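Dropping the structure in here first, questions after.
Naming follows writing order (A, B and C), and every chain is counted from residue 1.
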Amino acid sequence: MNEIRSLIEQLRVKRIDMAGKDFLLTWEKTQDEIEATFLVADILRAMRERDISPRVFDSGIAVSNFRDNSTRTRFSFASACDLLGLYIQDLDEGKSQIAHGETVRETANMISFLTEAIGIRDDMYLGEGDRYQREVGKALDDGVKAGVLPSRPAIVNLQNDIDHPTQSMADFLHLAHYFGGLDKLRGKKIAMSWAYSPSYGKPLSVPQGVIGLASRFGMDIVLAHPQGYDLIPDVLEMTKKQASASGGSFTYTDSMDEAFKDADIVYPKSWAPYDVMLRRVPLLHAGDKDGLKALEKEALANNTKFVDWECTEEKMGLTKNGKALYMHCLPADITDVSCEAGEVAASVFDRYRDDTYREASYKPYIIAAMILLGKFANPAALLESLLDRGKQRIFGA
Amino acid sequence: MNEIRSLIEQLRVKRIDMAGKDFLLTWEKTQDEIEATFLVADILRAMRERDISPRVFDSGIAVSNFRDNSTRTRFSFASACDLLGLYIQDLDEGKSQIAHGETVRETANMISFLTEAIGIRDDMYLGEGDRYQREVGKALDDGVKAGVLPSRPAIVNLQNDIDHPTQSMADFLHLAHYFGGLDKLRGKKIAMSWAYSPSYGKPLSVPQGVIGLASRFGMDIVLAHPQGYDLIPDVLEMTKKQASASGGSFTYTDSMDEAFKDADIVYPKSWAPYDVMLRRVPLLHAGDKDGLKALEKEALANNTKFVDWECTEEKMGLTKNGKALYMHCLPADITDVSCEAGEVAASVFDRYRDDTYREASYKPYIIAAMILLGKFANPAALLESLLDRGKQRIFGA
Amino acid sequence: MNEIRSLIEQLRVKRIDMAGKDFLLTWEKTQDEIEATFLVADILRAMRERDISPRVFDSGIAVSNFRDNSTRTRFSFASACDLLGLYIQDLDEGKSQIAHGETVRETANMISFLTEAIGIRDDMYLGEGDRYQREVGKALDDGVKAGVLPSRPAIVNLQNDIDHPTQSMADFLHLAHYFGGLDKLRGKKIAMSWAYSPSYGKPLSVPQGVIGLASRFGMDIVLAHPQGYDLIPDVLEMTKKQASASGGSFTYTDSMDEAFKDADIVYPKSWAPYDVMLRRVPLLHAGDKDGLKALEKEALANNTKFVDWECTEEKMGLTKNGKALYMHCLPADITDVSCEAGEVAASVFDRYRDDTYREASYKPYIIAAMILLGKFANPAALLESLLDRGKQRIFGA
């Protein structure tokens, strides 16, 4: 309990302005806001582990809008919302034909009369996911202003074309616990590396989210990928600025080995080239199946030139004492397990399996923290009240 | 708080017999029952807005059975049930093949062992939606009588072939607030008018629901549609009787202009001709795609003769001081926005957009009121107890 | 209330070791554990009927994983979980591609960070459903051991290829109430008989579950089916042993009449031959539609030889005083109602309809009992505390 009270005291002194705001990109949040999010996540987890229910809502809707498939984020969102007392209602496009454009405004209002939070995953169309989330946010602002909505639901970006903040924040809460504190990340080398996968079209938001967040903690970030597998230029620019401002560095290499050399952390993960993602958008819009197939074929053929971009034991041997922490957002393409040749060797993955599961385990608490901070102006006071209330999550436990 | 107590006092003197009964057609309910439903909806909304939780169920299932697509009603139903503490379980025909016929009886019981409310949308087949809802109700009655079910779930008609009471009741609660009371509707002219849409097969239940309810408040109702776009004859008959009994009037015109002239309220909305809906039923049953396509083609071609049935600025100019309240159940077919030519001009819709959103915002509370009244014999006492309990909906808010 | 306290006292003296364990096959549970499950189910039902909420969880996830269609079990699971306070999150394969194999381990962990219970239906593939459930269980054990999961979710078998314990336990709780106690089953004759149906591929788990449970209460079990419609040999072996150990008997006949003769209970129900189910597995895996069609055709043709295996009035006349209790897991294939020729005559089914509904009504409570026993080491103390807490399920009721 004292541990929780101490976390609340740390939270109390953070200068934050998150209530009524959405959580879309980590780089829109101040350092204090990022750290407050980690603190709230840790507090919620600690409360639950001590059987103290952090349920703040006696009723209320949380909308989940998944414009792409998902198991783990879906479950994380559901778990987070349920923990706070919200009922999850899916906005399923199959069932309800929500669309970009004029109807966004209307639908955003129609689903929000009793809604506290909206989680949106929209990562398929480069240049559109983030825009869509802001469009929804703007519609909600208008709805509140017009007196149509009683309160502003908080939007949580569950992955878009630019950032994947629930993933990267979970990743870094894991790192903070692994290394003993966020301050311990200073000077650590992290290799965010492309890796081979026999699939294509994987979004850029994971690597972008990782470098976008890593660059705030004074880390030495090496981004590695074959030439042509670029990320969004704006994100690279922003990362460079943040890295320098935080006393870290951000460099690029086209060699996985070089990236892994003396790294403390490696994050080998496939993604599609920026250029391919751009070309894919009009094809997806047009429903041009032949065009998509041709593009896929071309992209896959190009991938095979880089089949040696695999996180093998040999490559792990290049890292700091051969013991860098391996990270992945899961599911990983594991050589000889999920495919013939993939992102990571089976023996490497096996050794770090539990670590990757632990990494994932922070996501529900990160999401719950984002919602709570988006809804309550004084989270420290709220959490203290919850602690004082002392309601058991499991009766009689 | 005093405002809420005053509403409860108004509710207390209503003579109602709604507990254990379903809410299927507004014209089956007495005037006191209709007004009680409005009062409970207002009370629930006021409680929520003052952070008093109206959660009455610590557990319990609400079944949603949507036999047609829906976003807004689905969300309204979910929000209403969650507000009262019920967990929504979808009865999805894709997943579970519920069917008309003998199996209705069985399924109705199987889904109801711990169920408090059942919301059903069944509006595709003229002559069947209402019949289906009553069949379910009868099965539930039998189940209770046989001791199979511990209590009778309340059925809420979420739109059938005849009426759409959650829509019309929300519409009129909006009107009551807009004009300052239900009694202010007396003598007001409402134009329920067909409008052009480039689609076909829209159910008759919205216009029927509107005239079926408007005719209880002493309003002057003008129903306007091109010849051939008739509504169900029985509903017209009932409306005429109700209008006359309430001191209002009910007339028909085949001119949108005439309907709009001096109207206080206009409700321009497309629907399919009764005759087309009738012809569609056997085709739907037979799965006759060619027949359906031919019918659609014919109906759409016929629609185009009436493309000037659009709620334009010019037509709005005909209304009382040019300022009639525009209403729509949403989504509207907006010219140059959602289609080339539609029900309403963009500038008209834009001006009334927030009003239509507000109109929709009453639906969750109307549904919650219908459920509550279907389950509790003494709603005034219950609501007073909830007020006295004073449980916050949002802890620490 | 005294009735409930008396049931709790009976529960208190049962020697059970169910917490942290899954409920997969009834024959893995001791007699005391089976009886404890019945007692908890009865207690939960009695509490709910007296408006005492047995909600033990203030939040928490229950995962439902239906690898086959289902209405009644889906609703039973949802009702049970909601009664205890758990939020149900579907793991839909369409949405999330869970698969047998390596990914089971990962998915099991990913969905379980805040999960208390997992219900799995996997009955299509002979030799795989049970194996899959154990694979999930093993993955959860590993997750807990590795510190990835805060607690072990309890798995409930909602039907697999071997057993259907939520069905058979509901069946026998019904029998206990019908005959006035489990001890009254001793010496009763139960006919578990194959019956004709114009469909094929029905799982073996219902008849296997019934004989596997019946054999624990000293009953005389007659299994009847046409030659070739065998059940899994291991299950027959186990049943024989259990029957003999409990002082009952287990015999086979290929005559429905002989089985029905002097029976106290008849359970006429179609299933696919073991041999057909075996042959179907590789075809299903290969997605061999032609092969499946050919097998279906052959199986249906074979079925038609046994169209007289119908539970008619005549056959019911053979039973003890012509008044055996008819049972079915529903839905039944009713002659002249759901098909031309089926498992049971319409007049027989009609007479027992309410009984079969009552039979089904126990399932939600059986599932809730399984979850509660899988999570709490001292259920008697817990239930007593819930009784003392005395929280109303319906406020103000």
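We adopt the following convention: a residue touches a chain if its C-beta (ideal position, glycine included) is under 8 Å from a C-beta of that chain, and two chains touch if they have at least 3 such contacts.
Just so you know, these numbers come straight off a predicted model, no measurement behind them.
Residue numbering shows that chain B and chain C use the same positions for less than half of their mutual interface. Fitting chain A to chain C on CA positions gives a rotation angle of 120°, reported to the nearest 5.
With centres defined as mean CA coordinates, chain C is found 41 Å away from chain B. Residue positions of chain B touching 2 or more other chains: 55, 87.
Residues 48-49, 53, 55, 69-72, 74-76, 78-79, 82-85, 87-88, 330-331, 334, 337-338, 354, 357-358, 360-361, 363-364, 391-396 of chain C are the ones touching chain B in the complex. Chain B contributes residues 55-61, 63, 87, 89, 91, 95-98, 102-103, 106-107, 109-111, 113-115, 143, 146-150, 376, 381-382, 385-386, 389 to its touches with chain C in the complex.
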